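As written, the chain order gives the labels A, B, C and D, with residue 1 at the start of each chain.
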Amino acid sequence: MSRANLDRVVSEIADEMRQRPDRGEVASYIPELARVDSKSFGLVVIDAEGHVAVAGDSETPFSIQSISKVFTLTLALGKAGDRLWRRVGREPSGSAFNSIVQLEHERGIPRNPFINAGAIAVTDVILSGHQPREVLGEILRFMRFLADDSSVAIDEAVAASEQRTGFRNIALANYMKSFGVLDNPVDFTLGVYFHHCAIAMSCRQLAMAGRFLAHLGRNPSTGLSVVPPERARRINAVMLTCGHYDGSGEFAYRVGLPGKSGVGGGILAIAPGKASIAVWSPGLDASGNSHLGRIALEALTKRLGWSIFGA
Amino acid sequence: MSRANLDRVVSEIADEMRQRPDRGEVASYIPELARVDSKSFGLVVIDAEGHVAVAGDSETPFSIQSISKVFTLTLALGKAGDRLWRRVGREPSGSAFNSIVQLEHERGIPRNPFINAGAIAVTDVILSGHQPREVLGEILRFMRFLADDSSVAIDEAVAASEQRTGFRNIALANYMKSFGVLDNPVDFTLGVYFHHCAIAMSCRQLAMAGRFLAHLGRNPSTGLSVVPPERARRINAVMLTCGHYDGSGEFAYRVGLPGKSGVGGGILAIAPGKASIAVWSPGLDASGNSHLGRIALEALTKRLGWSIFGA
Amino acid sequence: MSRANLDRVVSEIADEMRQRPDRGEVASYIPELARVDSKSFGLVVIDAEGHVAVAGDSETPFSIQSISKVFTLTLALGKAGDRLWRRVGREPSGSAFNSIVQLEHERGIPRNPFINAGAIAVTDVILSGHQPREVLGEILRFMRFLADDSSVAIDEAVAASEQRTGFRNIALANYMKSFGVLDNPVDFTLGVYFHHCAIAMSCRQLAMAGRFLAHLGRNPSTGLSVVPPERARRINAVMLTCGHYDGSGEFAYRVGLPGKSGVGGGILAIAPGKASIAVWSPGLDASGNSHLGRIALEALTKRLGWSIFGA
Amino acid sequence: MSRANLDRVVSEIADEMRQRPDRGEVASYIPELARVDSKSFGLVVIDAEGHVAVAGDSETPFSIQSISKVFTLTLALGKAGDRLWRRVGREPSGSAFNSIVQLEHERGIPRNPFINAGAIAVTDVILSGHQPREVLGEILRFMRFLADDSSVAIDEAVAASEQRTGFRNIALANYMKSFGVLDNPVDFTLGVYFHHCAIAMSCRQLAMAGRFLAHLGRNPSTGLSVVPPERARRINAVMLTCGHYDGSGEFAYRVGLPGKSGVGGGILAIAPGKASIAVWSPGLDASGNSHLGRIALEALTKRLGWSIFGA
């Protein structure tokens, strides 16, 4: 794969996406998110050598929302190791991102760390007795370190918007609390959760932050290790089976890469050994995943032969 | 990977498995299956060059059961193409292999082709107006062609045993029929289903039959194409997200390969570009997947660096 | 209550119903039932003295369908006593008459004897090793005895229609069989079930057959005892809480009498100590209960002050 | 029924209950409730003439908990009339008192006013823009008026205990809020809900408060009308079908009276036209209803022939 070829493919795909009429629906359940320009589109691919191929709105920060769950999972595994899995499963849920039914049938243990309930449980593990402010600082420093960019910040308006209207997440958290699955005061855990979901990043920053997952836990440019190789593989596995809520099977089928979407319209996708990829298009499909983001990634893996299921 | 190295790893793993006291429980819900020797263990790996590494009971035929669903899915996609997906989804189910709850909530459309209901719907598509006997012949010829072995056969005792006692599958089929999801007489569809699940194959035959999935749809030894490259990738994707029922997340997390298990204790696993793998150990875990089979595959991918999530 | 007054109220209500434009939808899932005239309407009230007030199509036989479940419950309690309750519960189901979800969550034990699954389990208890033909004869003789009319018969066309198309009931029965809840061959149990649901009776016959429930288990005209007083009360209690599927609360709220409906459009209602009532109007509401039947009964209890909840 | 006979039956039953070893388990999920003496037992029957038959701890106030839901339903129907039923159904739920599953399947509308979610929705209707303190005052005045006793009060320790630990109710309320089913701030609605559940009353006070339901909406001693006759009947109907959570069918089957239980161990039962009855025994059965309370009521209706299903 030459740099020129990668640049060309990325640029072509961005052009094609710009011309498509179908864009999905911008998330409206968090009022602040509904304000974003539905025509935005960004795509960034960073290969193993560190070459950065960009197209579209690659420098515009957007709300990463659930993509943050990949990084809080990474932190929680660092803190609690396999004990984390007493609090959250790692199976696809077979239901919507904010379903509560499964919790009732499985005594408050969320199915995986990427549905809302699971990510709240993961946040609770990271919090473990500390002050929300401290922990939030830690998460933000981690994101800045990974993105190699100290300008990564929380969008307080989005966090406040969700804190005012996030009744379903409040329900999920209290429900888990009633089963003893959360250790900290519900308000503390949710405060941290709403804020880390409100981190704003550009495609470039996000793709940079995901590089350790593409390269066995290390940033190949700096050589710094973030997690052991096995853990990187396993996080990728959870992304593949659970990263797109009830559209995870579809994403695996069409794109063939581990990935994690957010309702802000971003997707982080990992081509193991090859590249870290971030795409952003705010319109969502019925499962709550970026509509054009998924289509762009499908085109990308097809043209570059990057599917993990056969190349 | 030298042949000697592969042979050594396969042989070591078989030795280690033989010494483990934990073997899981042999399936008893199909009376005929309960008779198998719980100490049986076979492992076969066939690499891209066609080298066959074997260990243990690699030539003993066992009931492939749900592993047959990979091949009926392949046949059905060949016959119906993407129209197949009107009858069955491709998302993980989040429930047990024989659950009926999801069908009621989703108007009789099974979640994916690898849970029982989904595989029955796939069988119905293959049947499409033909006589059960003809279609069963076609499936058997396909398996013999893929395994390159005309001795592959149906174990009629197992088929009869399931036909007598498979009330839950009869319930699933009639339930789908009530929603108009099945076209053929229920008895016809179930007859074919029970019989293709009762195909008996050895690890060697099974690993041989899976080779096209490891190599973009072609058998690399004969050069014969079975399916287009894209279809091979996609079948692998469905295997990864749905191949182990409600233990699919766990299998992806630990083994990191697309795979399909059967309650006979077999697992077919695919290392894209590298190898087709079959393992057999009759004792099952709580999700109905081969207990030692999964552990053996985990050891194998770790030692050979074959995980699709980073190598 | 004078006879003249009762005659007048019954006649008025029949007139009012005849003029209403809203009639609900005639059941179409059993093809044979769809042929009935949607304008039919019959109402019969038999008071404690044996006076029979009639209006409309009171002598036309219709398919009693699920109303037969009251009588098979009576027979099964006579045969098995409280042991019956090991096979079936007596709680409202909170779901549709043909739901299978509850069975999966409660290990194949149906919630109550009046949902389809429960009535199939009750039929299995009555069958208990006998031949379907004998048991069907026994049920029919019981109905003729209660109705004091030897002309009561099974509509074989309806039975055959359901046997050909009753996939959902076949699913329910096989599902219970898989949990060991049914003792007899599924075909036997379903054969009897489909046939007793296909009994055809007129409103007059049905109201006559229900008299023992209104009068502590005895027919007050003949003095013959059918069940002990306690059992009559308890059957009435199950009718009140479970007799109208997921519209049972609504029926209790509006009508205030124990009652059992059938998809043929009939309802048998019991005013304890006062009367046995049968109404028939084939159009159904969303819960599968006779639309005008329920409205007629609401008018009747209001005008006569017969609600069991305060008079 | 002579007064002497009623007094004797009430006294006999209390004696029998005192000697039984089986008492059920005192509710522990509200810490403050767990402190009550499990041996307490009270029974009060007030007949149509106003005669009060008492036995056991008839004057000891206990936490009425969910029994308060009968009275908030009465208030809400007075305020909103049939519009109330847009926010809550009136069908048995087929699930536990605190289940959230049904809410997800039915878009946040609780099944009936007597499960927790339903009672929270009813409380929200009563609140409708007013201050929690005012509304709580109104509820308390209503209870004092009905009980004809100004000493009825809220047990603040119980209210505080539930406010600290009632995570499941907080979850239910926020869940409904996310569907727009609640109008007021969740904290307001829950504040009122927790407090009215924490009203403490003796059996005597409770039986007095329930008299209007036994007598077509009027207190027969004072002649004061509380609700129209039809409404009294309908509240009784909802009590019968939904008053004992997932044990409502059982209560109807065994006792044969409309009734409402609370986890404090109290039950209010209504014999229409005959009596208002309150019983208290803190130990609960598996469905969360008073174990001995139900048994005592079963004995009472049997001996007095008060079942609404035939006398």
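List of remarks:
To be clear about the criterion, a contact is a pair of C-beta atoms (placed from the backbone, for glycine too) under 8 Å apart; a residue touches a chain by one contact, two chains touch by 3 or more.
Computed from a predicted model, the values in this text were never measured in an experiment.
Shared contact partners of chain B and chain C: not a single chain qualifies.
Averaging Cα atoms per chain gives one point for each, and the point farthest from that of chain D is the centre of B. Between the CA-based centres of chain C and chain D the separation comes to 32 Å, rounded to the whole angstrom.
Between chain A and chain D, the centres computed from C-alpha atoms are 47 Å apart. The geometric centre of chain A is 55 Å away from that of chain C, both derived from CA atoms.
Residue positions of chain B touching 2 or more other chains: there are none. Every pair of chains in contact is given here: A-B, A-D, B-C, C-D. By the touch criterion given at the top, residues 99-101, 103-105, 167-168, 170-175, 177-178, 186 of chain A touch chain D in their complex. Residues of chain D that touch chain C in their complex: 89-95, 102, 111-112, 213-216, 229-230, 232-234, 236-238, 240-242, 246-250, 252-253, 256, 258, 272-273, 302, 307-311.
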